[in-house]
Amino acid sequence: MDDTTSKSAILLIHCPDQKGIVISITEFIFKNGGNILYLDQHVDTGRQAFFMRIEWDLGDFVIVDEKIGEYFETLVASRFSMNWRLHFSDEVLRMALYVSKLPHCFYDILARYEAGEWQVEIPLIISNHADMQPAAERLGADFVHLPISRENREQQERRQLELLQEYRIDFIVLARYMQVLSDEFISHYPNRIINIHHSFLPAFPGARPYHSAHERGVKIIGATSHYATSELDAGPIIEQDVVRVSHEDSVEDMIRKGRDLEKVVLARAVWQHLHHTVLVYENRTVVFE
Amino acid sequence: MDDTTSKSAILLIHCPDQKGIVISITEFIFKNGGNILYLDQHVDTGRQAFFMRIEWDLGDFVIVDEKIGEYFETLVASRFSMNWRLHFSDEVLRMALYVSKLPHCFYDILARYEAGEWQVEIPLIISNHADMQPAAERLGADFVHLPISRENREQQERRQLELLQEYRIDFIVLARYMQVLSDEFISHYPNRIINIHHSFLPAFPGARPYHSAHERGVKIIGATSHYATSELDAGPIIEQDVVRVSHEDSVEDMIRKGRDLEKVVLARAVWQHLHHTVLVYENRTVVFE
Amino acid sequence: MDDTTSKSAILLIHCPDQKGIVISITEFIFKNGGNILYLDQHVDTGRQAFFMRIEWDLGDFVIVDEKIGEYFETLVASRFSMNWRLHFSDEVLRMALYVSKLPHCFYDILARYEAGEWQVEIPLIISNHADMQPAAERLGADFVHLPISRENREQQERRQLELLQEYRIDFIVLARYMQVLSDEFISHYPNRIINIHHSFLPAFPGARPYHSAHERGVKIIGATSHYATSELDAGPIIEQDVVRVSHEDSVEDMIRKGRDLEKVVLARAVWQHLHHTVLVYENRTVVFE
Amino acid sequence: MDDTTSKSAILLIHCPDQKGIVISITEFIFKNGGNILYLDQHVDTGRQAFFMRIEWDLGDFVIVDEKIGEYFETLVASRFSMNWRLHFSDEVLRMALYVSKLPHCFYDILARYEAGEWQVEIPLIISNHADMQPAAERLGADFVHLPISRENREQQERRQLELLQEYRIDFIVLARYMQVLSDEFISHYPNRIINIHHSFLPAFPGARPYHSAHERGVKIIGATSHYATSELDAGPIIEQDVVRVSHEDSVEDMIRKGRDLEKVVLARAVWQHLHHTVLVYENRTVVFE
C-alpha cells in the first residue's frame, strides 16, 4: 500500500466446504468496489471444513461500514451456513491485563504499550496482589486489587465481570495470573481470554511445569499461549516456542530461560489476536499469519 | 480430500497489482466447473506486485488439460499482463542429480527416492568423480562420469547439455557438486538448478564457509538452498536453516553438524520445487507453503 | 592435537559430591603421565551429586590400558564411592539395528555407515518384516527376519538375545522398530538400547503421536531419542528437537516433516553414545557435549 | 548448594597448552581449602590454546580475597604464562546504558532491572536524544542527554569518559544506540562494551540490515550481540539467535519480529557478561555456559 494507509475490512470465515465459496466472497467484494489486499484460504479435507481470512480496502467500497455485515450475511454467508466475524483495521481493542506477582510478562506488555508497538488500549489492570500497582499507575491504567481466597472467588469474579463491562473490555490477557478462573467467568469471554502457560503443552500442564521438566530431564523447554477454556491448560493453542536446555540447567536456570520465552510467546499471541488472524475451530486455532 | 485423490491443476501467477485480479481468476475456475482446493495470494505493496498460487480440482472442469493454458492466457492473463505457470498434480518431473565426492546429500536424496518420499524420476546422475557410481547404479539411474578441468569445462558442459536433453531432464539438483557452472550452462535451466550452499547466505559465500564461520566465531551456522544464477551463491533463496554451535566446536564439528543441516535444507527445497510452490521474482522467491 | 591423533582414555564418573574429587582424579592422570585433553564437571546441587567426563592422552601414560580401571578403582574411585565407566578412543562399538517397515531412519543410518561418518560396526540387522533385507545386504550386514506375534514374542526375544550375544553386540538402535520390547529383554541392555520416539516427549507417548499432535492443534512438533526402559517412552532422554507446523499441515504433512526430525535426532543420540558423552543418573541423562 | 549460598571465586584462564595446567590449578584451590563448584576446560587444538573457567567456594579457603590474585599469579599463572581474570560471586557490576530513540531494548533492560533479574547497578544512562528521560528517571538512574553531531563527537565522547569514570562504570551496554563510537573511546573499555546488531553477523553489517535482508530474500533473520571493537560490527560475538521469516514479511514485519530477537539476544549477552562466563581470544569468545 502507499503511505496513506486507508481503512480496510477483514472477514474471518469458516463453513462446510463446497463449491463456489471463494467466488461468492470475492464477487461480493469486487462488485461493490473493494480491492482485495490479502486472501488466505484453506480446506481441512479431513473435516471438510473451509477457512478463509480476507482483507480489502474500503476506499471505494460502496457499502457503508455499518451495513457490510448485514449485506454479507444476506447475500453470501447464509447460503453457505458460514460462521464469520467482521473487523475493521482502525478498531482499537480494549484489553484488561491480569497479573499476580511475577513481573516479566506484565512489564513486557507495558513496555510494548508505552512504545506504541500495538494498536490497543489498556484501561484496566486487575491483580490479586498489590505489587504491580506502581508500575500500572505510571501508564495511567486503573489498577484494581482484588485478592482471591477460596471463599471469595465467586464474589471477586462477579466484581471483575462488572469492571470488565464498565471499562468496555474486549479481551483479557493473563500475564502469569496465578489464579484459576471459573467456567462461569470464562463463558463470558469465549476465545477472548489469552493465557500464557510456562510449558510446551500438552506436556506439563498444571502447576510447576519447570520442576516437572527438570525432573523428566527434557532437553528443550517451551511456552504456550492459548485461549482459556473450562478445561485447565487445554484451550486452543495460539502460539508456542521452545528453547534448548541441558543437564547443567537447574530449575532456576529453566525459570530464567523460560521467562524470555513466555513473554515473547504471549506477545506474539496478543499480536495475532489484535490483528484478527486467529479463528477457533474445534478447540484448535487457524492462524492466518 | 477423500481417498480417491483426483487430479488438480496449479497456477502460479505474478503481475502488477490492480483491482479485479482475484475475481477474474476465481471466476475463470468456478464458471468452468473447477473446485478451488487452495488459494494463497499476497501483494508486495512496496513493489505493487501481485502473487498467487491457486490449485483446483479438475474432476468437473470443462476445459481439457491441454487447452487450460491457452484459455487462461486469452481470457484472464493477457488482461493483467500476468506471468504465469501451469502445472498438474500428476506430473512426474525428471531430475538430474549432480554430485562430487561428498556423499551425505547424495545418499539422502537416494534414500528418499528409494523410499518413495518424492513424486519424481531420477534417470541421470552426473559426477566429476567416479566415487558414487556403485550407489547410483543400485537405483537403476545412469551414472555419467565427466571429470572437469580448466581446459575441458566448456566441452564437458556441452556434453552435459546433450545428456540433459537426451534424458528429458526438467531440473537439476547439485548435491554438493563442487564445480562452478558457467553462465551459459545456467541460462539453459533458469530457476531449475537447485544448489545447496553450506552457510547461512549471504554470510560466507564461496569456498570453505565452515572455516570462515569458525574463524569469525559465530554462535550459529546455517545452510542455504537456492536456484543457481550467474552470480555465485547469490541466486534466489528457497530455504535456509541453522544449528547452534559453540566455542568448543572445531571446524570438523561444524562440518559434521552442517551435514545434517545441508541434507534437510536441500530436501525441503526440492520438495517445494516438486510441489510447484516456488515463484521467483526479482531474485527472490515467493514460497507458497 | 597434532595430526597424528594418538589414543586417549575417557572416564565418565558420578558420585556423591564432596571436597577433593577433582584434585584426586586430575592427580591420578597427571602423576602417571597423562595429558588432559578435555574435562567437564558439574555438581547437581539439589541432589548433591558430582558428575565428570575427563579425557586424556595415553601417549606417555605409564599405566597399561588393561590396568587403568583397576588402578583407578583402587586409588581413587573407592574412596569416593564413584560410579565410573572407562572407554578408549579407538574402541569400535558393535551396533545391532532393529527396523520394521518405515525406511527413513534405517536408510539414514546406513548412509552414515557407508559414508564412514561413525566409528562403529553394524554386523546385524533384525526386523519383524522382510522389507529392508535388500538394503541391509548391500552393506554386508546380516539381516535376520524375526516376525513377531503375540504368541511368539517371548521366543523371538530369546532368539534375539542369542543373536546379540553371538554377534558380540554392544548396543541396539531401534530405527522406528514398531514392537514393544519386554522388560526382561531390556534388562540385558540397560542404557544400551536407543529408541527414537516421534513426539516431543513427555507429550504424546505411545502410538500415533502425529495424529494426537494434529488433534491437539500444537504449533510445534518434535522427536525424542531416549534409552529404552521398562516404562514405555519414559526412559532417559538423550536428545530432542522440534520443527514448526501450522494449521495448514495435515497429519501427513506432520509425518513428512517429522521424518527428517526423527532421523537427525536419532543420529545425534547415536553419535553421543558412540563418543561416550552420555551418563545416566536417576532416569535422566548428563550429556557432556 | 544449600540455601545459605556462600561466596565463591571465579577464575577465567587462557594460556598456551601444555601438560600440568589442570593439576596445578586444582591443587592451588584444593590445598588451600577451596571446594570446586564448577570446572569447564577445553583445548583449541588448532591454536594449541588452553581455556578454563573454574569456580570454587570460599567458605574454608585460607587465602583472603585480596590476596588470591597475587598468590595465584606467583604460584601458578606465571609458570604457564597465563592470562587470567579473577571475579567474586558477590560483585555488583556497574553498567552504563546507552540509548537513542528506539525503546525496545532499553525498556527490556529496565524491566529486568526493576524485577531484580540481574545482579547489577545501572547508575547512568546516556543518550543522544531526550526521549527516554522520563523512563530513565523512574528508576532513579541519572539520565545525561549528550546530542552528537559530526562537529562535537570528540568533545562529547570526552564528556562521556569523564562521566563513566565519575560513576565508576564497569561496562557499557549499547541498547540500540545509533552512534558509532571512536576507536579512542572503545580503547578505554576493551571487551566491556556490549552492542546489539540487528542482523545475523557477518551478514548485513552496517546500517539498515532488515532492508538488506528483505532485499536479499533470506528466509531467516537474526540478531547478534558482540563486544564493540574498532572495526564496525566485527567484534567478538557473544550471542546470536534467529527467527524465521517468509516472503509475506515486509521490512516492517522483519523489524517487528527482530525487536523481540534483539532484546532477548542482548539480555543473554549481558547475563553472560555479568556471570563472568565470557573470555575473549583472538576476536572470538569462549562462553562457558
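A few comments on the model shown:
Note that the chains take the letters A, B, C and D in the order they are written out, and that residue 1 is the start of every chain.
Here is the rule we use: contacts are C-beta pairs under 8 Å (C-beta built on N, C-alpha and C of every residue); 3 or more make two chains touch, one makes a residue touch a chain.
This structure is a prediction, so every number in the text was calculated from the model and none was measured.
A count of C-beta contacts for the chain pairs C-D and B-D puts B-D on top.
Ranked by distance of CA centroids from subunit C, the top chain is A. Because subunit A and subunit D carry the same sequence, their contact can be compared by residue number, and over half of the numbers here are used by both. Look at where the CA atoms of subunit C average out and do the same for subunit D: the two points lie 37 Å apart.
Taking the mean of the C-alpha atoms as each chain's centre, subunit B and subunit D sit 42 Å apart.
Those residues of subunit C in touch with two or more other chains are numbered 42, 45, 248, 289. Residue ranges of subunit A in contact with subunit C, taken from their complex: 42, 44-46, 51, 200-204, 215-220, 222, 236-242, 246-248, 250-251, 283-287, 289. Across the complex, subunit C is touched by residues 1-2, 19-23, 26-27, 29-31, 35-43, 45, 244 of subunit D. Touching subunit D in their complex are the following residues of subunit A: 103-104, 107-108, 110-111, 114-115, 117, 135, 138, 248, 256, 259-260, 264, 267-268, 289.
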